[in-house]
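Alright, structures below, take your time with them.
Two complexes are shown next, each including chain A; its partner changes from chain B in the first to chain C in the second.
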Partner chain A sequence: MTAMTLGEIQRPDARRAPLGRLLRSELRMVLRRPRTLILVGLLALVPVIAGIGIWIAADASANSGNSVDEGLAGLVDGNGLLLPVFALVIGLNMLLPLTGAMLAADALAGEAASGTMRTLLLAPVSRSRLLAVKAFGVATVTLFVVALMAFTGTIAGVILLGGDGMMTMSGTTLPLGEALGRILLTVLLVTVQVWALAAVALAVSAWTEHPLIVVVVALGVVILSGVLSAIPALDWLDPVLMTTSWMGIPEVIRDPLPTGTLTEGVLRAACYIVIGYSLALSRMLSRDG
Partner chain B sequence: MTGETGLGMVAADAAAIPLAARTRGLRKVYRGTVAVDHVDLDVPMGAVLGMLGPNGSGKTTTIRMLLGLVMPTAGEVELLGHRLPDGAAAALPEVGALVESPGFHSFLSGRENLLRLAAAEPHLHSGRIPAAVSESLERVGLTGAANRRYKGYSLGMKQRLGLAAALLVPRRFVILDEPTNGLDPAGTREVRSVIADLHAAGTTVLVSSHLLAEVEATCTHVAVLNQGTVVAQGELAELLDSGNAGLLITTPEITLAVDALRDNRIPARAVPDGVRADLTATTAPAVVETLVRAGVPVHEVRRDRTGLEDLFARLTEDGAAAEAAEFDLALPIPEEAR
Partner chain C sequence: MDRKRTALTVAAAGTATGVVGLILLATPAGAGEQPPALPEISPEALVESVIKTEKIPAMSGAVEFTSDLGIPVPGLPQAGSGGEAAHVYTDGEGRARVSISQGGSERTIVHDGTTTWMWNSADRSVQKMVSGEHEKKTAEHKLADPATAAREFIGLMGKDSTITVDGTARVADRPVYQLVLTPKPTERTLLREVRVAVDSETRLPLRLEVLANGQAEPALRIGFTDFETGAQDASLFTYTPPAGAKVTESKPGDHKPSEAELKEKQNLFESIDGKTVGEGWDTVLVGKVPAELLTGEVKSGERGTTDPSRLLKQFGKEVSGPFGTGYVISSKVGTLLVTADGRAALGAVPQQVLVDALGAK
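Moving on to the complex of A and B:
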């Protein structure tokens, strides 16, 4: 038996599985989950639907002689490269936070509820490592979804609404290359904001076994901070509200780029990420498996 | 409760036998409710230890603390020589466990679920993962259903998959919490044979069960839990003997035999086909000698073993503590060993 055992154990001194193997396994699992796939598919359609809506509205207004709505939507007409930016800004209102919250809910609370977290802890995967693997899964899938929305948005925009440059809110027109750069920048900025919310959601996820609670709390945070920022008397709260950064995202299509506002948004998100993961880690280390 | 010398001997014995797992003064309080208290459990290396106890006696909580899943409120745990929680990373790769209901992803197939767990096994080389998973599935008889979604598995198949996960790599110590839950008689037999194979290969096994016949058939050692404490533990045979030591004598001269024994201050009573002599204060040869001297024709003499069921019932009844005191002489109850 001893000989057989030694023959079969190929990494007898290893105390941890290779990290790359764990991360791949996590991603494969998350991307096999039916609700993840459905959500990803629906989100990929959002820019297309928005594009079709604007295209129809533009058609109708051309016939009646009125101009389309004011604001970002109006700007997108005949300016297809703005569609991905527009779609991501709409998405950040509710759909992308929902996605981040759902991924975070499944990552810890869901695994605890199904008993799969216990089997992983027994493998063993250490608690801090498990959190890191889960965070990687949530972050990667978030980035993937946002990038996918930008991709379908760009394609739909160019086909439906046309345009080979990007007209900015400042009135200038950016050439194709720079326009694509702005789209990429939007993807990164939006992703970081969803990461911030997902970090808060992961902290909640580490505390509970009920994924629904995670989604409810995360969306509650989004709605509450939206409400608070809408009350003028509470303006002094704005610097700490997550949604303040979200409302600054459309600034990305100003010319020149208002780096101050955008950097501030990223820093605010970074604070939430640090706080969220610190809370999640402290709970993970003490929670019952 | 027992004398000092007896305790010293027990401690020396305990030190001599290497232990796969050892707990001392283990205590767990959940929101003011004491789930487990003063648990001093010894799992000898190479043993198949059956953990018995009524529902809510603390079996699963003890197992979860043994595996580092739950932090004890007080007390210490040693697993394969490593102190938990710090030694978990060193000990757990060599421990396979099926705790509570098996936990798997419902949208993945049995094979995919095992592949995922195999990826997290420190001892498994990446190249050997598919083979290890296939072998493990084969071992629990799930090869045919390996590619079906876990969602569609029956209770028994889920349990088998849990067992397959525990046996993904060769282990030194396997912990199975109610492994026969939901299994049909054939499945129960298979689990028994898996345990027998593990035992034959030198693997230590801890199996918790409420099926006493199961434990009696597969285990070498037993630990009985009641109301969160270990009320008895030791070798199965020893426990059964000590439970109610008696000698059954088959003889046609029942009255003569009972009188002869009682004259010699040996408690005895008539039973169908013969006499039952109590061995609490005497030995089997003394009983036989007494009978032969009295001219009683003895046809057959055998030990009257209490079934595990009787023993269990007595240990876990209310007021079990008083009953358990009887076992102190025969059983190393480790709390006193200190």
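Moving on to the complex of A and C:
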């Protein structure tokens, strides 16, 4: 706190660094970490692997005469544009929350662990702006990863599974343009959900210096929500659980689009984002370095 | 210390906003609202206006189904992940679209005036039926349409019940009259009352609730959670099967069952020999269970073979009486009695009424 005040006094002309440069440098830093790059690469492979799996399964089941699988997976065969949606839905089960938690862990707790947090707090940047830059880094990389998964998924789907237009769960066919619109919508919805978990993780990240704790707590939240939503006696709890929105994501491939469920999911995520960021901000403001 | 105070304020304000938002999301719409003021109406006039309303206006509505029967009942529509079990669209001129979610799959039924299409996403099949046949085929899907279900129920149960109007309420954000059907004291039934929420404007039943004795929450509830009248997008009522779907087509009289098939069906029907005993609330359905059902193994869908007699032993309780011995399965709204010699009785009544009904046979 005192260090901050001193910094402000000594360099009154440099009180504000240009925001654009801060954001760029943060992104560059996050994307240059080898672990981020490995994670991004692996996630981009998920839709391709899923596509190959369904392709092989479809070949095998064509001989036996049974349908590939139940639910969403069963619809993906011969319906390539559904592959990105399918990949994002399975990604949201564990891989994408893990990514969000890891990015949030690196953002604050990681800095504290490597001792660079002190430098950041001394820099001529206000604490709230520092958090905003960190949150921006997490959010942008999340969006990038999700969009990349959708991209590789679309390419792999069209090449491996083919099909023109998208066959929806309601048994209608959407033309290519609308199908791509649905994929884009899925990307946005999934990203918002990962942001919600990342916001909670960021709050934990601001309070600890051990990145591992952040990841463990975030995954604990995911697993606990899943367990609570599986207990019928606690059904009244469902509307406040983060995972309820996640399970609603496959609704995106119904026709006409059930906007009610999807909007509710986004609003729920927004509530978690507000809670997470305000807790993180309060810790950042009161932190002594 | 100023900064600490700011920090606390930020934390408190943000957390409070988020928590309030979550609570608002969890609160069902219209909870805690004052019931709307509607002109008084006599129960008779309300019932008549409901039964007379044959024509459903152009509308779109989300249907929710919840049950608390005490035992699992297969075949009933399950609430989807979003809590929406079905979505109904009609254009007011006989064309309709119903989407029913069943776990991870969806059924869509589109009736475009002349042809009915039934899509099932689980096996990607489309059934195409030219008009005339769809009425009986879609009978099972009437469950998804609270308006029809409630109207039929009122017509059926009206004369054995005391009918009252229990004030007003809001269902799907529309003002409704609460029509309550209570069994007359002479009726021996497990049910306490049936509540039907009738829309004050269209006179369509928007919700049906079945309450059993000694239960605060409805054992069965089917109703609209969202209901809007108004013209619907015409493209909703046309259907083109997607590429790669299995389309089976049937026309009235197209399907001629082979003689053996017919005979088998007839045999099965005769062997069940179903009839009803009593009327009104304590109607009991009495019949015979085909012997091979009780002793043999029956293929039931994809779950392989199940042994019905083992199921009976698992869910039922062994009882004996003037009918011999048998098993009784009781739920909150109904009882099923199967005797060892293959007779069965089913009704929304206590066990004793079933025993009497078997004796009356």
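Here is the rule we go by: the second predicted complex is superposed on the first by the 276 of 289 C-alpha atoms of A that agree within 3 Å, B and C clash if a C-alpha of one lies under 4 Å from a C-alpha of the other, contacts with A are read in each partner's own complex, and residues count from 1 in each chain.
As a convention for this text, a residue touches a chain if its C-beta (ideal position, glycine included) is under 8 Å from a C-beta of that chain, and two chains touch if they have at least 3 such contacts.
These numbers were taken from a predicted model, which means no experiment stands behind them.
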item: Greater chain A contact set [chain C / chain B]; value: C
item: Partner chain(s) touched by A:M167 [first = chain B, second = chain C, both, neither]; value: second
item: Chain B versus chain C as contact partner of A:P124, first or second or both or neither; value: first
item: Partner chain in contact with A:G115 - chain B first, chain C second, else both or neither; value: first
item: Touching partner for A:P47 - first (chain B), second (chain C), both, neither; value: neither
item: Which of chain B and chain C A:S25 touches, first, second, both or neither; value: first
item: Chain B versus chain C as contact partner of A:G153, first or second or both or neither; value: neither
item: Chain B versus chain C as contact partner of A:S286, first or second or both or neither; value: both
item: Chain B and chain C footprints on chain A, overlapping residues; value: 1, 286
item: For the chain A and chain B complex, residues of the former touching the latter; value: 1-2, 4-5, 8-12, 14-18, 21-22, 24-25, 28-29, 32-34, 114-126, 286, 288-289
item: Partner chain C, residues of chain A touching it in the complex; value: 1, 67, 70-72, 74-75, 78-79, 163-165, 167-173, 236, 239-240, 244, 247-248, 250-251, 254, 256, 258, 260-261, 264, 267-268, 270-275, 277-279, 281-283, 285-286
item: Complex contact set, residues of chain B against chain A; value: 64, 67-71, 88-90, 92-93, 95, 97, 99-108, 112, 115-117, 119-126, 128, 165, 169-170, 201-202
item: Of chain C, residues touching chain A in the complex; value: 3-4, 6-8, 10-11, 13-15, 17-19, 21-23, 25-26, 62, 80-84, 87, 99, 101, 103-106, 108, 117, 119, 121-124, 126, 226, 233, 236, 239-245
